[in-house]
Amino acid sequence: MKDSSKKTTWKMRLHEIIYEADTKEGKLFDVVLLIAIIASILLVMLESVDSFDEKHHKALYVGEWIITILFSIEYILRIISIKKPSKYIFSFYGIIDLLSTIPIYLSFIFVGSQGLVALRALRLLRIFRILKLARYIGASNKLMLALKASRAKIAVFLFFVLIVCIILGTVMYMVEGAENGFTNIPKSIYWAIVTLTTVGFGDIAPQTPLGQLIASVIMILGYSIIAIPTGIVSSEMTKTTSKEDHNTQSCPNCLKENHKEKAVFCYNCGSILNP
Amino acid sequence: MKDSSKKTTWKMRLHEIIYEADTKEGKLFDVVLLIAIIASILLVMLESVDSFDEKHHKALYVGEWIITILFSIEYILRIISIKKPSKYIFSFYGIIDLLSTIPIYLSFIFVGSQGLVALRALRLLRIFRILKLARYIGASNKLMLALKASRAKIAVFLFFVLIVCIILGTVMYMVEGAENGFTNIPKSIYWAIVTLTTVGFGDIAPQTPLGQLIASVIMILGYSIIAIPTGIVSSEMTKTTSKEDHNTQSCPNCLKENHKEKAVFCYNCGSILNP
Amino acid sequence: MKDSSKKTTWKMRLHEIIYEADTKEGKLFDVVLLIAIIASILLVMLESVDSFDEKHHKALYVGEWIITILFSIEYILRIISIKKPSKYIFSFYGIIDLLSTIPIYLSFIFVGSQGLVALRALRLLRIFRILKLARYIGASNKLMLALKASRAKIAVFLFFVLIVCIILGTVMYMVEGAENGFTNIPKSIYWAIVTLTTVGFGDIAPQTPLGQLIASVIMILGYSIIAIPTGIVSSEMTKTTSKEDHNTQSCPNCLKENHKEKAVFCYNCGSILNP
Amino acid sequence: MKDSSKKTTWKMRLHEIIYEADTKEGKLFDVVLLIAIIASILLVMLESVDSFDEKHHKALYVGEWIITILFSIEYILRIISIKKPSKYIFSFYGIIDLLSTIPIYLSFIFVGSQGLVALRALRLLRIFRILKLARYIGASNKLMLALKASRAKIAVFLFFVLIVCIILGTVMYMVEGAENGFTNIPKSIYWAIVTLTTVGFGDIAPQTPLGQLIASVIMILGYSIIAIPTGIVSSEMTKTTSKEDHNTQSCPNCLKENHKEKAVFCYNCGSILNP
């Protein structure tokens, strides 16, 4: 029994280090993990730069293995230290953690047997390790609340943008035609999106006067309707902000509402508020 | 009489299915229509991609006829099931529905007799079928209200943008001249709009130092005045939002206004509010 | 004396037609003027399109003279019908009206005697006729009030943008150098403005990795700080909007403030408010 | 003792002129400094324009020395006139003032001994003299307060933007590949930033249909999420604005809070508020 209790304590301590950041060791674990993630992303980036890869191929290879082993240990420790491993394994972060370690092992297995393309795609999957960073943000902040509250309106807005781009893209295809770069409707719609969102690559640009007139309309439209998502989020955030300053209880004496968050007495009649 | 009543019931049922979405059949009708619209848009797009059209021309042709017949049936059913057909026929959606079916029939009639250009334009009109989707949004949402309320201000803003673009476009035509791509005033105004709206294609770009100085002014102006439509919509939406939290009735006892939406008692004197 | 009174009446009537829009004739005058302004702007534009000018040179020339004579008559009538002509002549609109007529007369005088460049610039000055349209907007609308109220803050913002562009432009000149298009500091600052304002022509683009890194910083900076002018105007407009719904008087009985604009009774105690 | 007092007075007077702007001499000092800073920035810019530098090299050289000597005198006077020189020397403005004078002296020493590159970089450091202008803004304005209050949220937003750009950049590298300009991951991430921030240089643009589809998603994403920083700053500024209209005191009689800034009587019960 003593041994079992010891084991539990050991597991609990590990849990504290890995899943919390209150203790000294917990903070150290977080910092090491953070550095490993960033180093890993840098490795993937540098590997894709041919001139760098040629010079330092070995160093990159070794670094990759060190990080993979680190992440593998982290993954195993997370499974061991939690009471219900299945809950972690099938959670968002559990899947991300698994995907952060597997590709390199798979690429080791498939070397030689399969083509380079699949291998390369597999190795690039490592970039999703950056999602491990999401753990450090926390999902319940006010920003997300405001976005969630305005989800429906933003969907309507995006739908409206899409309809406008499809219609105007087709019109531009009619007006400009293939000889000016608008080779087909999907490409014309792509151009309409590039223009409406005020990106404006310039790889395709209208050449005829009528095309330039329609383009002007699209641009001014895009320049104006950007106000819509902004207005939605602004008003939603102002609402969230002003709501959090007031509570919803009413005074037991005078029925007055909208008391400050920390009010003890009713601001109107002075009677004590219900806690 | 019995037959007539039966007929009416049959019509009413059809009306329910087509114009409402509460029953099972009504929902099914909506889903089928939605799929037909999206499929139709995809057909128009794919038809314009030459490499795809060459391979699958027959499939596209058959698909187009299936959708056209579907839409024709829908159009006829809508006319039959409504009490006053003229009201539907001349409504916005009635015209859209008609335009969604006619082009393909017309193109069938005109084949051979007229040129390809008119035919092509006619066939591309089918893209407006996407407006059939507008039925699913509903026009009375808050977004539209905020936009309608700020219509006058946005018109003044667009008018201001246009004046600025006309003046600055002409100045750039004077400064840069035809040798740097500013071949005439309409084109220079087009360039001014491209720049002010921060799109910046780069097909025309100022080359002289003075031209680049004026371009800088236009860009900073465009970057700053985007705040205006945004500010208008934001303040309008904040207003709409704060209004909807309060009702407009006044307390029968103390005349106090601005009661919360769900208030039963007056928040000031406690007397019961009129329902 | 009778004659003088008659004359005054005639002048007053003219004043009413020209400066006001309440009478039938006043409205007609406004509409004719509006059409003349727009026609004039179109003439200037079309004149600059070489292919159009070659074909219809005579028509453009005649049209120009008709409009110039119309504007000349308008200018003279405005001076005659006003009590203090000097007040009009030196006002903003007086100067615009003068500049709308003079260039064409001057160009008539200077033909042959001077070079084409001065002449062309003179003729293009006619584009400022569009400012005659400003009369129809009115300067005292809420938009202008919000902009005026946030003038100081916007100036600080623009000053900040300029400092950032000067420093980052110089840094880019150091990093990229003349071989990548950053030939001198003014041009690099121009590029920094193009990038920060998210216009992005692409006529100059960073080629070195370090340059692209700094460009990324500029772009994200520009993408984020656009929130500042927007935030300023939004909050200023929200303030203006909420202020206008309430007046500043207090109830003579209960001293309560913030009454609705049209309130007759105090919303709190029901006593009559001071008018 | 008299002499010492005289000296102190002389120092105090100098302090008043240099550090304050209330006296006539203080204002004059500020104006001269302002002109010197702007002239200095113009000199650095013009020096970089080869065609101008060749013609007026001597004038630029002389102008540079005049300004450097002026700034050196200013720096010495600032040290002399302050009680604790060390406090000034190690302050932000102290360091800026030192950096505004040193480069030119150093460049004088190093001429011939070292390469041109270091010298050029040194001379360009003079552009940071523009930061001397920051003295005239003042750091405690409302804009800065709103930005400081929303610092944490903006950091989360930028972090989110970075993660999105890294992932989408890598995906584009996979999809488009080196043959379409996406030569390596860092460059693809640079492109993703260019696109998401709606800058859109167009030096790199997607060529494959799938690449253009992903680019469309990035653009619409960038077009929509610009609402987030704007919403944050707007709501923060609205909050700051509405707070400043109310004071924080409570009525001594009825405990009511949120009195208007200039209220004398309680707006609820009419008792006199504490001053």
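Letters A, B, C and D mark the chains in the order given here, with residues in each chain numbered from 1 onward.
Criterion: a contact is a pair of C-beta atoms (placed from the backbone, for glycine too) under 8 Å apart; a residue touches a chain by one contact, two chains touch by 3 or more.
Every value quoted in this text rests on a predicted model; they were computed, and no experiment measured them.
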Which neighbours does subunit A have in common with subunit B?
-> C, D
With residue numbers as the basis of comparison, which of the pairs A-C, B-D or A-B duplicates the interface of A-D in over half of its contact pairs?
-> A-B
Centre-to-centre distance between subunit C and subunit A (centres being mean Cα positions), rounded to whole Å = 42
In whole angstrom, how far does the Cα centroid of subunit B sit from the Cα centroid of subunit C?
-> 30
Interface hub residues of subunit D, defined as touching at least two other chains = 157, 186, 189, 198-202, 222, 226, 230, 232, 234, 236, 238, 268
Partner subunit B, residues of subunit D touching it in the complex | 198-202, 230, 234, 238
Residue set of subunit B touching subunit C in the complex reads 153, 156-157, 159-160, 163, 166-167, 170, 173-174, 183-186, 189, 195, 198-202, 205, 209, 212-213, 215-216, 219-220, 222-224, 226-228, 230-232, 234-236, 238-239, 250, 254-258, 268
The subunit B residues in contact with subunit A across the complex are 41, 44-45, 48-50, 120-121, 124, 127-128, 130-131, 133-134, 137, 141-143, 146-147, 154, 157-158, 161, 186-187, 189-190, 193-194, 196-203, 222, 226, 229-230, 232-234, 236-238, 240-242, 260, 265-268, 270
